[in-house]
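Across the two complexes that follow, chain A remains constant while its partner is chain B and subsequently chain C.
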Partner chain A sequence: MSASGERGRRRHRAEAGGGPAGVNGHAVPVPGPGMALWCHGLSFSYEEARAPIPALRDVGFELAAGRSLALLGASGSGKSTLLQVIKGLDAPEAGEVGLDGRAPAAPEYAALQREVGLVFQTPELQLFAASAREDVAFGPRRLGRPETEVQAAVDEAMELVGLPPDVFAGRHPYALSGGEQRRLALAGVLAMRPRLLLLDEPFVSLDPATRRELARILARLRAAGVTLVLATHDVDLAWALCDELLVLDGGRVLASGPWEAGEAGQALLVASRLREPFLVELWRRLGRDPARAPRTAAEAAEALR
Partner chain B sequence: MTPALDPTPTPLTPPARPDGSSGTRPLGGGAGEGSGEDALLEVRDLRYRYPGAPTDALQGLDLTVAVGEFVAVVGANGSGKSTLARLLGGLERPAGAAKAVACGHDLLADDGRMAARREVGVLFQNPENQLVAECVEDDVAFGLENLAWPPEEMRRRVDEMLARFRLTELRTREPHLLSGGQKQRAALAGVMAVPRRVLVLDEPTAMLDPAGREEVLEAVRGLRADGLAVLLVTQEMDEVVGADRVVALELGAVVYAGDVHGLFSDIALVRRLGLSLPAAGDLALELAARGRPLKPLPLTLDELVATLGGPA
Partner chain C sequence: MRPAIAQYYPGDSVVHRLDARAKFVAVTALAVALFVRDAFAGLAVFAAAGVVAYALSGVPASWFWRAFRPLLWLIGLTFLTQLLFAPGEPFFSWWIFDFSWEGLQFAAFLSLRLLVLVLIGSVLTLTTAPLALTDGLAWLGRPLRRLRVPTDELALMVTIALRFIPTLLVELDQIMRAQRARGADFGSGGPIRRARALVPVLTPLFVLSFRRADELALAMEARCYRPGIVRTRLHPLRAGVADAVLLAVTAAVIAAGLLV
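Moving on to the complex of A and B:
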């Protein structure tokens, strides 16, 4: 039952203070390495009284292990549905999701599926336990992991999201601030040590400082080799965090592949009711090559100083 | 392409009431309230505590919003922004206040809060909490039905709101099957269907895609032109830039009220409050740290490009 948790796992230890990834100055172990993902011909519809509403139509793409993918598209384009189908919460009507190169028919597929973490939109609404520690422990316990491993994973995950267990473990989840609750909910998923992490609009409703903190946590997971799929409307944070792009439009793939900021990229984003990342637009407006636009304000400042 | 919004939107303010009832009477209430002459919202020393909470969520908050004014409210998660929005909408009874008036109604009195609810629209953070009907058009009509609008007028109003928020094609859709952004637009249409004098928006764009966000902001700009006062609670610093005034909360009290540039020029305060600069200002800060300060501090892409001297 717990095979998925340990087999061949490599522990990555990030250096404290190493670049922007330092979380509260703590050196924390993070899960890894990442899991490869492919989707072939995925279709899915929501049942409604009159007629089914198609949410995904023939969606296909591949994502190599350790890569990070920005899942973009207008409201209603199918982003949340796609994440739920990848996680296996909704069965596709057609097509399949491959994990680590294995099709759903493979005997080890169920174990691989347990290494896929999904952070729902406003995940703090699902906090329920009487203490932060118990809430974070719920997931790994449900996976049948030994209690010592569960406790280690809880400590690790809470540390990683900036809620050190010595301070927060005993707190009631409802006594935490909104930003702390969001991070606690993320810790609950990280405690299961996912190798593929799916995030559905993780930045919504967070204050700017908490949003940055969360972006730093994700950057750190990415650096540790976790494969990320980030569904978001925040194109600036997506641009800073993701090397690949998948644009959905009405449930169909409008584009997928490495995120390049050239003319085609701009046209694509505008056509999808999105906008270009701020730094790409700035580069264009300054007469510089948008295809070589920086990913972060710090990189931009280095180039402009 | 973003569809253009109706260029001549129906006025969203209440029509004059034939009986001359509270809705259209001059503001400011009784004698001795000089500061409230143009104020649609005025609170002094406003306090609120959640049941069982060890401290006040609002600790003596002062705020005035004048007719047609667009005020942004910022602050970290938990600073009291949403609590303030609920109190101003007459949805909670203040623990106390030296003064608490919305559209001429006393928020400290039960009947005053009831009256305020009709004129102060509040859009909540999570549209799920605001959608109650079985299809979108019924949801938009919900408030009007409660106010017993004549059916023909109600139908016209609902059609206008559906068009304004690009919901016409979704009018028969069940709200729970909409995406997050569509839900928020439906909720907003429902709030705006009832004629309002003040609109309190609690992070109305948080769940919208960039185009949807721009439509809502465009609609908010339109509301200002209609004479509505708008109080926008937001975590999007780019949205703050367009406001007449910004109010920053910390631990349930106002720690800054004034010019938008004034707030963003005080980096120490911005950081303390868990805020950030708009993207343009953020880059300016990084440049300043590398020995190239930009003055005045650019807050928009246009200002940044102009300051850096790139091609127009």
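Moving on to the complex of A and C:
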């Protein structure tokens, strides 16, 4: 919180560090600690004209606080629905979502639910305010936080996503580039200081530089202890960021648990219209144990040197 | 999410397969006849025709109820005002209101007339795809082109609007969810507060709609769309024997309704 209060004194470090300030190793406070999550027997269907379409069938898994989960599955497998049910936007027909070990019946559940952040697919569509600062402030204001705390949270979140407030706060959201808009929308959720962050396809239609930038932001959140659930088709980024795996297929859980890159894991990913991460495949082709495949290119280079 | 506009019930019944133009002409003629004739007997004939058409269409009764429900208050209001204010010999008086048999009869007649109108009209909208209906209307409006009314362009505008209603509803739902996830509350407070709560929804929706409109215009131009020329169609409207039969039957029903 200390650094974020010094609004106006921070310089834009984009030129110096090869990336915006607050991301390249600069100490920026982040939300935390993480929230534990469990789901038991979740079922949900969408009402249609002729017959309901089931989207989730008996979905169950557990995720310890501070862990990060890759939510994988083909399009239409129920990933987005699961995220929205966890956030409480849709009530499940059966089953329960537990937050921090509390069932929905617990009196503190509503407060816990407010600490769950959900970043929608193409979240830049939700930008509406006349300035970046106002837009990011919307969430924390709606939570009824005092204005000083709101402003601190806005500075903190904008810094964290690499949009330093002294440069970007007054800009109109629609005057930003696509990648900046996506990061601004992420800041709008981070400003609510979520302890569990759900992300729906955050990497879709971003250029490689922005993609890397976003992955770095998520890695920082993870390092700060925020629990992450990352729904994505990008298995390489998921492999770099996540320690657990949940594969959905037609609304059912195909696999869940720690993500280990064994033979079974490969077959599973291929069966789910996915592929195994590039580094895992590389390790396999090199004749090395894929179960010990590195998570990042840097780790791979280190191992191969 | 499937938006609840639910005007068209997809199907393959005799009524569905009729040409949109024939159905439109038949329904319009019946509606006019319905308002010309002011006796219960005529109403019964038109109602019977509507029920037969409904039965032939295979549309579940619940769908008629869906079309009918929004108009319930209008019919109720018609009934009440006629009952209370129609002139006649009162059999019961209370405060400034006089209740008469004539008033009751007239109120019942007007309400039933509205009900039959909805019944007949909903057969058209439930069994005709919106696009077919628009095409049909554009064809029927062709003579207006001589008066420099751009009927085809108007029809295209309606078609595009219809095409994008479901898309925009889905997007509206997504934006509302996203803002709800950020703590927005659309359901509480007075009317002003509720209207203000819609700003975070309507701004993105408008931006998105304009962007979409721009893209669509570009895409249409890229595919050589030009206004002012008569376009050919992939599925040209085709009237057949069944449509001639429909018009003949309609004429017979109208004659019966006016004469009984």
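As a working rule, the second predicted complex is superposed on the first by the 280 of 305 C-alpha atoms of A that agree within 3 Å, B and C clash if a C-alpha of one lies under 4 Å from a C-alpha of the other, contacts with A are read in each partner's own complex, and residues count from 1 in each chain.
Going forward, contacts are C-beta pairs under 8 Å (C-beta built on N, C-alpha and C of every residue); 3 or more make two chains touch, one makes a residue touch a chain.
On a predicted model such as this, the values are computed, not experimentally measured, just so you know.
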With everything superposed onto chain A, say whether chain B and chain C fit together or clash.
-> clash
Taking the superposition as given, does A:E48 touch the first partner, chain B, the second, chain C, both, or neither?
-> both
For A:Y174, select first, second, both or neither according to whether it touches chain B, chain C, the two together, or no partner.
-> second
Please indicate which partner A:A64 is in contact with in the superposed arrangement: first for chain B, second for chain C, both, or neither.
-> neither
Is A:L118 in contact with chain B, with chain C, with both, or with neither (first, second, both, neither)?
-> second
Is A:V235 contacted by the first partner chain B, the second partner chain C, both or neither?
-> first
Considering only the touch criterion stated at the top, classify A:A264 as touching first (chain B), second (chain C), both, or neither.
-> neither
So, does A:A91 touch the first partner chain B, the second partner chain C, both, or neither?
-> neither
First (chain B), second (chain C), both or neither touched by A:A103 | neither
Superposed model, chain C segment overlapping chain B, candidates 113-121, 185-193 or 221-229 | 221-229
Using the superposition on A, tell me which residues of chain A are in contact with chain B and, in the other complex, with chain C.
-> 46, 48-49
Which bits of chain A are touching chain C when the two form their complex?
-> 46-49, 84, 87, 89, 114, 117-118, 120, 123, 125-129, 138-139, 141-143, 174, 188-189, 192
In their shared complex, at which residues does chain B touch chain A?
-> 2, 75-78, 125-126, 173-174, 177-182, 203, 206-213, 235, 237, 271, 274-276, 279-280, 282-283, 285-287, 289-292, 301, 304-305, 308, 310-311
Touching residues (chain side chain A, partner chain B) in the complex = 46, 48-49, 53, 73-77, 80, 121-122, 177-179, 201, 204-212, 233, 235-236, 273-275, 278-279, 281-282, 285-287, 297-298, 300-302, 304-305
Residue positions on chain C within touch of chain A in the complex are 1-2, 6, 171, 174-175, 177-185, 199-201, 203-204, 207-208
